[in-house]
Structure formats: structure tokens, C-alpha cells
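Same chain, two partners: chain A is paired with chain B first, then with chain C.
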Partner chain A sequence: MPSKLSRRDFVKLCAGSAAAISLSGYLAPFMAEAVAAGAPPVIWIQGASCTGCSISLLNTVHPDIKDVLLKTISVRYHPNLSAASGDLGLNEGIFKTARENSKNFYLVVEGAVPTGADGKYCMVGERDGHHITFLDLVKELGSQAAAILNFGTCSAYGGLPATPPNPTGCKPVGDVVKNVPIVNVPGCPPHPDWMVGTIAHILLYKDIPELDSFGRPKMFFSQIIHDNCERRQYFDNAIFAKNFGDPGCLLELGCKGPFAFCDSSTRSWNSGVNWCIRSGAPCLACTEPQFPGWPIYERMPEVPVGPAMTATVDQIGGVLGAAAVLGIGGHLAGNVMTGRIGGKNEEKEGDI
Partner chain B sequence: MIKEMEVRHSIWIRIFHWTNMIAITLLILTGYYIHSPHGFKLFSNMDTPRMLHFAMAYVLCVGVVGRVYYAIVAKDAKNIVFSIKEDTPKFPSMIKYYMFMADTHPYYGKYNPGQKMMYTGWLFLALIQIITGFVLYKPQMFAALGGFLGGMIAVRVIHYVVTWLFVLSVLAHVYLDISEGIPVLKSMFTGKLPADFDHGVHEDHELQTGESIST
Partner chain C sequence: MAERVIIDPVTRIEGHLKVEVEVEAGSVVNAQASGMLFRGLELIMRGRDPRDAQQIMQRVCGV
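After this line comes the complex of A and B, so read on.
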């Protein structure tokens, strides 16, 4: 295996990687070499999350996750996977690593940051007999990190925990820690390739990848689902599924593919076995900053028309249209009765 | 007997009026189909309406830019741009006239304040449609703008709501025009209106021929 992989080739590889080849499997030897040569360590912490992003990472099947974690990514701490726990995990795994590698380690954050009640909604451990809130942990580690990698929509944009009414005051990491480079790898969950690929880029080139305007690596998030969708021909031919399980484009069932930035349509999930649309589920646009602030199985959200009242745009338009037609009818009747239409003009014509 | 005619709409006004009308009509029809292919069965597939929608979007862009340029260069803007300071006080008399509470109304110029408000509003509605439309058309190119406008779903809702506003206001526009008299409708084709056409103006504000009604 060659030990040099130019950044250009790397990005091409990540962006173009089809379902047929396993990106993680291909990258693993390069990353192993980088780690052996002293690549920066990675600390993985979890806040208001469902651990789904970690589960998704475990889906890296070739090579298996053990090799990725032990040989290719130098993960010093992971709340679910580390053997060390309690004081050992916190002091040795997190704080010692951060202290020894100040400004030279990468912090992976999974889950939003609850800021309500001074962050007391999310306790992650104890230090010197005091509880540590996730808010404090993110602030402390984030300011020491070389860069923060937000894995999952929750840490990147707030996601599910930050959806109104949001009683715990969840916020994305970018709102809590400033002045540190942030890479967002959104998704609910993110594809393992996106996570491994982002970490690989950092380990190999000691730099964050090129980002789009929402902080997402361009190599994974520059495609639109709708453009490469395997059900696109159904859309062009106007064959739309009316019920789940029907063949056809899923637009009428609320598919958000036309504005979802994500390469699932070409990458596929579970080692290329399947992905959302192929299995008949409309795209939720889970990689978008506004996710999930929209009705999942509706084409369009309803709009507020009054206190605690909503209506579809069609309903409002229909009511206003009916009102306009009534108004026109009334005015027309008035015009005829007063002689503005018919009577007066004819008199005028006669005068000439 | 030859009626005395005076020019009401210059050739450019008529050209822009009808190209914009065709573009907006097609945009609305194809737009409703793209929004709801099951509910608005006007086409048989997505290709034709989408192509038409995108083509007419560019026609509307040219039409809007051209109309604004003409309004500035030909000093037509004063006829159609709504001025809050000058036109708002004229509203009561206009509403009285439309509500049949008065038989006549003062002389307003080429258009009454309601018309001015509608035409100026259409410019802003058209600009909103162009901006949101391009964000939806090229989401990769305008991703940041889409985010700034509140996300793509918000852009989609704005685009659709404004479409409804166009439909409703065009309804009122067409009715008021035809109800004013067939010569008014004809003048948008020929450009000319009979010089003695009854605009419902006060006797004491007798129309000064050729002053500001012709452009």
C-alpha cells in the first residue's frame, strides 16, 4: 500500500466513492500509518444524543470497527466503547489527553448541548466531588481542541433536542464554543464513511476539509438527493406514490430530496445494501440545519393564521379566492345597479 | 364617425405587459402542477411543465428588468409607483367611488392609488418569486441564500404563498379592468383610448388632454 495519498486524490476518493467500494476499508491502511507516525488523538464525547451516531460508526464493517478504533483512529475516549469508565475514563481518557495535547487534539461531539438551568439537564461525570455538566465539558475541551468535529445533526445544528418547545435549551456546539474551527458532519445518523472520511482527512493532512456554507465537508455534502435519486425517472414521468410501498416518486409523501444535501443516493448504507429512498422511505433531509423543523410526511408545513391556529396555504388561498369572487360578484351587481356598466356608457355613446 | 383617440399605453408598455402576462400565467399554471401533480392534472409528465417553468422564469426576469428600466428612462415611474405620502390620502375618495358611495372621484393621474399600490406590489412580489425561485431551482448554487431565508422549506412556502397572492391580485386586476369598460381592455392591445372616455372623474377636475394620461 502506498504511503502517499495526495489531498486531491483523497477528496476525489471520498466524493466519488460508490457503494461498490468501502471507503473506510480503503482508507484504513493510510490512517493506520498516520496514527503510527504520531497523528493527533481524538476525544469523543456525548451530550443530548441518542447514541445513534456512534451506532452508525460501528456499522463500519470492513475493516471491522475494532480495527478502525484501535489501529486507525487514535480515539482516547469514547463514552460507550472505552473500557475505562468513571474517574479513570474522565481523568486519564479526557482531561489528561486534553492537557497533554493542548491545541493538538480533535474533539468529536455527538449530541446537542443543553444550556437550560446552567446545563443541569445533562451531567456527564464528576470531578473532585463536583458534577460536570456537558455544557462545561464542551466549553472546556472545545477551547483546547485544534478543531471540533460535530458528528450528527444535533451537535451540528441542534437537531431533535433543539426542536421547539426545547425545554432543556439545547443548542448546537457552534453556539456554545466560539473561535475554534468547527466541522459539521450532520445526518440522523451520519453515514460511517462521512465520519471516518472526515477523521481520515484530519489525520492524514492535519487540517480540516473544505467546508460549505453550513460547515459541512464539501466532499460528502455537495450533491442533492433529488439529482441522483434512483426514483428520479418516476418524478420526470410524474408517477407519484400515493401510499407507502407504492412504486413511484415519494414527493407526495413528503420527500425532501429536492433540497437535501447528502450523497446517500450514490453511496448507499449498510455497506451499499440499501438506503432510505430505495427502502421506500421519503427523504427527511436530516442533513439540513432546519431538520426536523418540518412535517416529515407532508409536502409543506402549514402556516400560522392566528393564535394556536394553522392552515394549509391552499386553504387560505381558497378562502381568500372565494372572498374575492364574492366581492367581485357584489361589485359587479353594484356596477349594474348604479348604471356604471351598461346604462351610463350607452347614454354617453348616444351623446356623441 | 371617427372617434378621437389618444395614446394611453406606449408600445413598450404593451410589449412588457403581454410578455409578463404570458410568463406569469404559464408560471402559475406549471407551478401549480409542479406543486401538486395529483391535484392539478394539467400535464402528463414533469418534463414539459418544468422546462416551461424555468424558461418562463427567465422571460419574467427580462420582463421585470425591462419594465423597470423603461419606467425609469421614460419617466413612467411616477404613473405606477405608489407613494405613501402622496397616494395614501387619496384612498378614501377612491374607496367611496368603488363602494358606490360617490358617483365620481377626483382626478388621480393615469392610475388611481389602488392600481399604483397593486402594480408596485407586483414588482416586489415578482422579485420575491425570482429570488426564491432561483434558490429552489439551483439549490447548490444558492445554498447560503436559502439558509439565510430560513431554510429551503421556508423558501418553498414563501414561493407558494406569493403564487397565491399573484392569482388573487390578477383576479381583481382583470375584473376591475373589464368592469371599467371594454375600451380600457382594448387599449392594452391598441394603446389608444377614446379621448372622451368616462373615467368617473369629477366635472371640476376635467381631464387635461395629453397631460399625464398619455405616456
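After this line comes the complex of A and C, so read on.
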């Protein structure tokens, strides 16, 4: 059996993101030990979601996802995986588990919470002949949970369904359930390592990991894509791609890398095979609260950085982290002033 | 007399599905399936840059 893994080593391991090492494969024996010793069960529910986060989790290949779900995470209910459906799934899988483990289970929420029309835009089942709305389910289970893990940008920040005009009044889970510890693991979808790593931290140390100001685990979300981008040299040399497939920094094609906090650039996806920018796609900043409220393929707006250096061109909604805005704004404004980034007219040249 | 069987939620599928079946003498005589989630992605797309559609609409289903 594995020996103890200190929290410091754990965080270092998660943040290290060595592509050759499967994080979940390394953590599995430690988690299996924690579950065998009676770690709290996990209930996984879905609201206004696309199931993409669950599918991303299934991309955990070492070890087999079956082992992760059954041996290393004690999942009692999952809408896509549970054999039980109907009353059996709801009563045995969800409500019985919650009742028997009050304040001692973890609730994983995937998908935003529609609050329009009293929550009728998303129904998750029936109890005593009445429909249960996802809004009521999240409130009921959330208040009984030891902690809520929001997997995906939808449950963390509203995400896609909450994009203006937000037809169904979708809200993040944190706006609906108060006074329960919440961990946000955003991403559209999140990397499997972020999800498994967050659950592992909680199971092993019975405590939520250290979070940033947006409620994200710092071990995965403290790097800015732009700072670790393999196309960064192009940016520094003012070589900008004007069309998809061109070499060059993707800023002019709408890359939001300078706003995006996550470690995709060093961790890579599909077991370390590739990631967004290496495949030629601009970063969408899918881990950020504003996603996808901005124009996706327009150059990101500059941000005012001071009376003498105002470089604002466009307006976007939402509020960015003050530190990020200042840092990035200054960085970009400096480049505008030295002529590295062209003005608005030049930027439009290669546009459709 | 038909017996009404309701399965809600149906698991192992993507999304929220409810199935109502009426059974009479061992045969299904009527059945209804309902999708129980509405997000209005078409309404979100209205007024946006057409190029955004590939990123917005692909997220209808992540399976």
C-alpha cells in the first residue's frame, strides 16, 4: 500500500503537470486507500449541461476510468453511468446517500442552474408524482453536502447557457447555495487531471485545496496561457497570424490567452497529445467567468490601464480580476505603444 | 385498464429524458418521451458573429 503523500508534495505534483506522467494514475493508489478507509461518497448531478465535463473525465485512461469511478472515487450516482434510472436512481442513488451521509458527502455539479420560470427549464426527475426542478435539487442536496465541486464553467460561473441574453435565467451554483464550501473547476470542458486532482485533494486531506479569487484551485489555475504559450516568441517578435493556419501569435484571430488562467499549455490534452493553440485554435479563455460572452474571433479588447495609457478599443461585459487586468493591460499597452500591435484599422485588414 | 409507467430520469444517456409508457395486457399501447432541459442556444446566437456559431452550437451536446 502507498505511504502517505504530504499535502505540499501533492500540490507540487498537481501543479508540476509533467506531460509524461498520468496524474490520476499516480494518485489512484493513494485515493483507493482513502476510499477503503471510508472516504465520503460523491453524488454527481447534471443541470443545464452538455455532459462534456463527464466525457472529459472519461478521458482519464491510466488507470481505467472504471477503476477511478468505482475504486478511487466512491460515486453513488451519475446520470450517465448509473444503471439505476427513474425512482430507483433518484431515491437510492441520490436521496438515500444524501440522507445517510448528511454533511459527509461531496456534491459534484455539472451544468448551470436555470432559475427562470421557477426552474422549470430543467427537470431532473419525479418524487411523489411531482417534478423536481434542478434548482430545488441543487438547493436541497447542496445544503446537505460537505462541499460542492462545480465541474465546468457552467456550474462554476454560468457559462454557455448564461450567456446574454440568458434565456433561461441560468445562474452558477454559488448564487443558489450559500454557506457551503464551493470549489470551482472551470473549463469547457475541464481537463480530467483538474477534476481528479481536486477530488483527490479533498479525499486525501479532507479539506478543499487553496483557491484563487474565482474559487479555482491554485494548483491548476495560477498560470496565464499567454505566459507559457509556445507561440509566445511570435508575440514578442510582433509576428501575428492573419489567417487560420498561418504561423504567428493568434491574438489578432481572437486569442484570449492573455486573460486565461489554466495550465493547458504545459499539461496538454488527450493524455498529453495536444492542446488548443498547438492545433492552431485561438484560446477561448473557457476557464474564465466571462466565457463565452465576448466575440470569440475578434481581437480581445485592450483594457484601460491609466489616464495616460488608455488603450481601450472595444467594450466587453463582465468584470475581470483587477490584478490580471492591470498586468495584461500594461503589457499590451506597452506593445501598442511600441508599435507591436497594430491599430484597429490594420487589425481589420485580413478580416472577412 | 392501462397501467402507466413513468421512468424519470432515464440514465445512461446525455441530457434529461422522461419516458411515459402505457401498458395494457402486456402490450405497450401508448408512449411519450420528453426532453426535460431547455437552454435556448438559438436565442443566445441571435445577433452574434456567425463565426461564433461553431463554438456555441457544438456545446449543445458534449458526448
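Definition applied: the second predicted complex is superposed on the first by the 298 of 352 C-alpha atoms of A that agree within 3 Å, B and C clash if a C-alpha of one lies under 4 Å from a C-alpha of the other, contacts with A are read in each partner's own complex, and residues count from 1 in each chain.
Everything that follows uses one rule, which is that a contact is a pair of C-beta atoms (placed from the backbone, for glycine too) under 8 Å apart; a residue touches a chain by one contact, two chains touch by 3 or more.
Everything quoted here is computed from the prediction, not taken from an experiment.
Student: Let me test your reading of the model: by the given contact rule, A:Asp64 touches which partner, first (chain B), second (chain C), both or neither?
Tutor: Neither partner.
Student: Is A:Asp207 in contact with chain B, with chain C, with both, or with neither (first, second, both, neither)?
Tutor: Once the two structures are laid over each other on A, A:Asp207 reaches no partner at all.
Student: Contacts for A:Gln290 in the overlay, against chain B (first) and chain C (second): which applies, first, second, both or neither?
Tutor: After superposing on A, A:Gln290 lies in contact with chain B but is clear of chain C.
Student: Between chain B and chain C, whom does A:Ser82 touch in the aligned arrangement: first, second, both, or neither?
Tutor: second
Student: Looking at A:Asp9 after the superposition, I want to know if it touches chain B, chain C, both of them or none. Which is it: first, second, both, neither?
Tutor: neither
Student: Let me check the overlay on chain A: which residues of chain A are in contact with chain B and also with chain C?
Tutor: Comparing the two interfaces on chain A, one with chain B and one with chain C, the shared residues are 352.
Student: Help me check something: in the complex, which residues belonging to chain A touch chain C?
Tutor: Its residues touching chain C are 46-56, 79-86, 89-90, 114, 121-126, 131, 160-161, 163-168, 170, 188-189, 284, 292, 295-298, 352.
Student: Hey, which residues of chain C end up touching chain A in the complex?
Tutor: Residues of chain C touching chain A: 6-16, 18, 36-41, 43-44, 46, 48-49, 51-52, 55-56, 59-63.
Student: Under the stated contact criterion, what part of chain B meets chain A in this complex?
Tutor: Residue list for chain B touching chain A: 1, 3, 35-38, 43-47, 98, 100, 103, 136, 139-140, 143-144, 146-147, 150-154, 156-157, 160-161, 164, 167-168, 171-172, 175, 179, 181, 196, 198, 200.
Student: Could you list, by residue number, the parts of chain A that touch chain B in their complex?
Tutor: Residue positions touching the partner: 212-214, 222, 224, 235-238, 240, 242, 252, 256, 258-259, 261, 285, 288-290, 293-294, 299-301, 303, 313, 316-317, 320-321, 324-325, 328, 331-332, 334-335, 338, 340-341, 344-345, 348, 352.
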